[in-house]
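The structures come next, written out as structure tokens.
Two complexes come next, and they have one chain in common, subunit A, joined by subunit B in the first and subunit C in the second.
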Partner chain A sequence: MVYRRALLQKSAFLLLGIMPLAGALLYALGYSLGLLGALGQGFTLRHWARLLQDDAFWRALLLSSLMAVSVCALSAFMALRLLPRLMPWWEKKRWRPIFYLPLALPPLVAAVLSLQFLGNSGMLARLATALGMDAAHFPALTNDPAQLGLGFTLLMLTFPFTLLVMLNHYKSAQLSELSDLAATLGASPAQIRRKLWAPVLLRRAAPTLLLSAVFMFGAFEAPLLLGRQYPAMISVYINQKFSRFNLDDVPLAYTATVVYALLLLSALAFFLHHQKQEKS
Partner chain B sequence: MLQINNINKAFGTTRVLQNISLELPKGETLAVLGRSGCGKTTLLKIIAGLLPADAGEILQNDQRQNELPPQRRNAVYLYQEALLFPHLNVWENIAFGLRLRKTPENELKNRVEALLVHLGLQAEARRMPQALSGGQKQRVAFGRAIIIEPQVLLLDEPFGALDPETRSQMQDFYQKTAEQLQLSAVFVTHDLKEALRMGTRWAYLDQGQLQTYPTREAFVRDPKTGIEQEIEFWKNV
Partner chain C sequence: MRRLPFIALVLLFALPFVYFGVAAFADQWRFPALWPPGWTLQHWAALGGGQWGQSAGLSLSLALLTGGIATALGFWTAHGLSQSKHARRWLLWAYFPYAFSPVIYAHGLKFFFNSAQLAGQFPGVLLGQLILCYPFAVLFFFSHFDQRLREMEALSYTLGAGPRAVWWRVLLPVSRPALLLCFFQIFLISWFDYGLSSVIGLGQVRTLTVAVYQYIMEANAGLAAVSACLLCLPPLVLLWVNQGFLQKKVEI
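Showing the complex of A and B:
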């Protein structure tokens, strides 16, 4: 009975979880190789060659990677810094809903809020003008070359999640007791954060941080509203190719999708391999 | 020498420690016997600087410690659990305190290696904490504490989580090491036999009040400790 149930669960996961994804990836691969789609004329590497020569594609990959890594790192750093101040609030259970509340913020709403706050006619600009700043000199904080508005929004979406994960790990890793012990061995509060909290929490939170990075790498709504068209984040780049009038760009979009999926699968495989090695 | 004068501590309206005074000369182990919840852990945490005292004074070699943070007291607190740093192997766990003190690499290596031999853990040096037995973990925790040559060790039922055989081995090991390195320690336990075995001085903590004894015989004879009752019980078995 138990064996049958396990088999059923595995089959359901394979059917609903893996097969649609694998099917979509195979379809995209077929399209990228000219084997599928309205314009498919048989096997060709032409779309791959075009994509690999496209400067906008490489810039999109670089921007997405940099954004994912830097926002993830900043989010982890902020969570580590704020942990001791927020822990007493977290321990009082009546305050906990406040910690969970930001998780309910959809990316699109976060992007609109950022626009209203950071945009050229947003709250910050109005405040600066009210304080006597010339509106013409207010810096661009959305759709800006440094992608500050986009980074801010992604951080707003990721930080509460990272913080929650670290607050939970703090307790389960007995970091309070370990910190007391480290202090009696001679560690200052800064050394405790650097030599104990950071390595222990980052190791434990690594799977979650990887998921956050994957989420940011493929973020769409926020980059569409707050980012630039060139260089664009990879999801926006793919969307541009899909929605062009030039039908010859559609296979290019599928090819970029395959690269995108392969990159994420490689990151996942590397991470799982690393974890397996660490356990053994 | 550790000296404690009239320490008081209350949590809300509950008085946990009342006018605690004691003296601990170098090289001695004060065994503090007491039931669960009698204030033993609070006393150790106050000496370590992990909790503030409401009143009273803590002196080490005539230097007042009350205002010093834990990292400057040179008093290491050991829990019932070994609490090894989970991200460091045995070698790095032991070296932790020396690295904080920026000990030169050569000296650090020599001291850690020598201690590993003393602890009988050379073969486990590169192992991670989760790959060690309970007794090995406690030995590492012990090594990590004594390598920095603390003024005083504060032991909070350190062998309480071990099985009887390993516990007995660790008690032997502690006795030998304490004698060899002239360690000063406050050893709290609720185990009568352990208190008698580990201490060179004895005290009994009950409802926040500490009674110290001039001799082992006085400690055994006091009905409050329950030792004579225990002896009678075993005689009649």
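Showing the complex of A and C:
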């Protein structure tokens, strides 16, 4: 009875957890090698060669990586800087829901909000006009070449979560008591922040920050609404290739999916290795 | 001065909800007006229309079904996997869909959904979301089945309880808070999902997120604001009930 149940439990995981993923990846790999799909005419590396020569693909990878790293680094920096000023409010239970409020915001709605605020006829442009600025001179902040609107939106999606993680770790690491001790021993507030809080909190929050970076790397809704078509972030790039009428783009989309999966696998392997080392 | 960072944070965090709350009732709020010139209920009146009710109903049914099924299956599976010698190897697979971009995963799966004629249909989107959320539930409950719970289960068997009694009278009651937490977090993953629903649903399964995107593409800010308000409503209710429902915690 127990063995039968254990077998059923593993089968359920195999069927719903492993098989769809393995099926999707194997199909993508087969398609990318010309072995599967409507366009498959036998083994070929043509699609891989085309993808590796595609400037848009490399730019998408670069943009996604830069965006993921810079957004996570900036949100960690902001959380560390604001922590001492916000801690007294976090400790008062009645104010705590405020800190959780952004978690109730779906990414798509956050992207729509940025569009309504940063667009050419958005709230910021209206404010600038009310202050006497010529609307024609208001800088483009959505779908802009520097991807500022997109970066800002991703930062606003990541920062509240990073702040919550840091606030929780601050308490569990007993940093309040350690800070008092450091101050008694003559450390200045800046030294306490730099030499005590930053190393302890960044080390503890590292797995969460890495996972956040992985999520940001594959972000879709905000780049779709606020980013540019070229260069696009990797999710949007792959979605474009899948959705175009040009059938010759479909193998490229599957090949890019395989590359994305390999990159994700490397990041996860690094994350799990780090977790294992921490535990040991 | 000491309050300034907190006040700025409150303004920043509350801004989306205040803005969409105002925009949903605003009449003819066009550039360069900073404040709506008038108020209307016409965007909300559209809620009575068939399409609206259908979108809200679809999103709610999807989120409830995905939350319920994935939580139950994840709990049951994690119970077995946590006792396996090679559990950690199995779990590596659960991390992958959790971190995979839903839209890319959906494109990878689309061929199978097309072959099974599930694309563009409610059961197809439900299955797609289950495939996405079930590994999350397994990861969630894997750390829940710790040494203490396993010893409690063993003790129940030693005291003469049968498997059914152990599940219904020990494991499920003890795990109630974790089950609720997992259910609501999966409910929100499903409720917030746009990428997978749009790809597997082919735009024909018009959930609220798909509706918001369509309204934005049609430059219909009023209806988009109403949809955004509706999308934010369940998570805000959950926040009011328990903040923990919103913060995902998955450990290995």
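The rule is simple: the second predicted complex is superposed on the first by the 256 of 280 C-alpha atoms of A that agree within 3 Å, B and C clash if a C-alpha of one lies under 4 Å from a C-alpha of the other, contacts with A are read in each partner's own complex, and residues count from 1 in each chain.
Throughout what follows, a contact is a pair of C-beta atoms (placed from the backbone, for glycine too) under 8 Å apart; a residue touches a chain by one contact, two chains touch by 3 or more.
Given the structure is predicted, the values throughout are model-derived calculations rather than measurements.
**Q** Give one word, clash or fit, describing how subunit B and subunit C relate on subunit A after superposing.
**A** fit
**Q** Using C-alpha centres in the superposed arrangement, which angle lies between subunit B and subunit C as seen from subunit A, in steps of 10 degrees?
**A** 100
**Q** Is A:Ala28 touching the first partner subunit B, the second partner subunit C, both, or neither of them?
**A** The second partner, subunit C, only.
**Q** May I ask you to decide whether A:Gly40 touches subunit B, subunit C, both, or neither, giving the answer as first, second, both or neither?
**A** Neither partner.
**Q** Once chain A of both complexes is superposed, is A:Leu127 in touch with subunit B (first), subunit C (second), both, or neither?
**A** second
**Q** Who does A:Leu181 touch here: subunit B (first), subunit C (second), both, or neither?
**A** A:Leu181 contacts subunit B only, not subunit C.
**Q** Could you say whether A:Gln116 touches subunit B, subunit C, both of them, or neither, answering first, second, both or neither?
**A** In the superposition, A:Gln116 touches subunit C alone.
**Q** Counting touched residues of subunit A, say whether subunit B or subunit C comes out ahead.
**A** The larger set of subunit A residues in touch belongs to C.
**Q** Which value in Å is the smallest Cα separation between subunit B and subunit C when the structures are fitted on chain A?
**A** When the complexes share the chain A frame, the smallest subunit B-subunit C C-alpha distance is 18 Å.
**Q** Just to be sure I follow: which residues of subunit A are touched by subunit B in one complex and then by subunit C in the other one?
**A** Common interface on subunit A, subunit B vs subunit C: nothing in common.
**Q** Which residues of subunit B touch subunit A in the complex?
**A** 45, 48-50, 69-71, 73-79, 81, 83, 85-87, 96-97, 100-101, 144-145, 148, 154
**Q** Would you tell me which residues of subunit C are touching subunit A in their complex?
**A** Those in contact with subunit A are residues 2, 5-6, 9-10, 12-17, 19-20, 23, 30-34, 73, 76-77, 79-81, 83-84, 90, 92-97, 99-105, 107-112, 130-131, 134-135, 138, 163, 191-192, 194-195, 199, 209, 212-213, 216, 221, 224, 228, 231-232, 235-236, 238-240, 243, 246-247, 252.
**Q** Spell out the part of subunit A that touches subunit C in their complex, as residue ranges.
**A** Subunit A residues touching subunit C: 1-2, 5-6, 8-10, 12-13, 16-18, 20-21, 23-25, 27-28, 37, 82, 85-86, 89, 95-110, 112-113, 115-117, 121, 123, 125-127, 129-130, 135, 156, 160-161, 164, 211, 214-215, 217-221, 225, 234-235, 238-239, 242, 253-254, 257, 260-261, 264-265, 267-268, 272, 275.
**Q** Which stretch or stretches of subunit A touch subunit B in the complex?
**A** Listed in rising order, the residues are 173-174, 177-178, 180-188, 191, 195-196, 199-200, 203.
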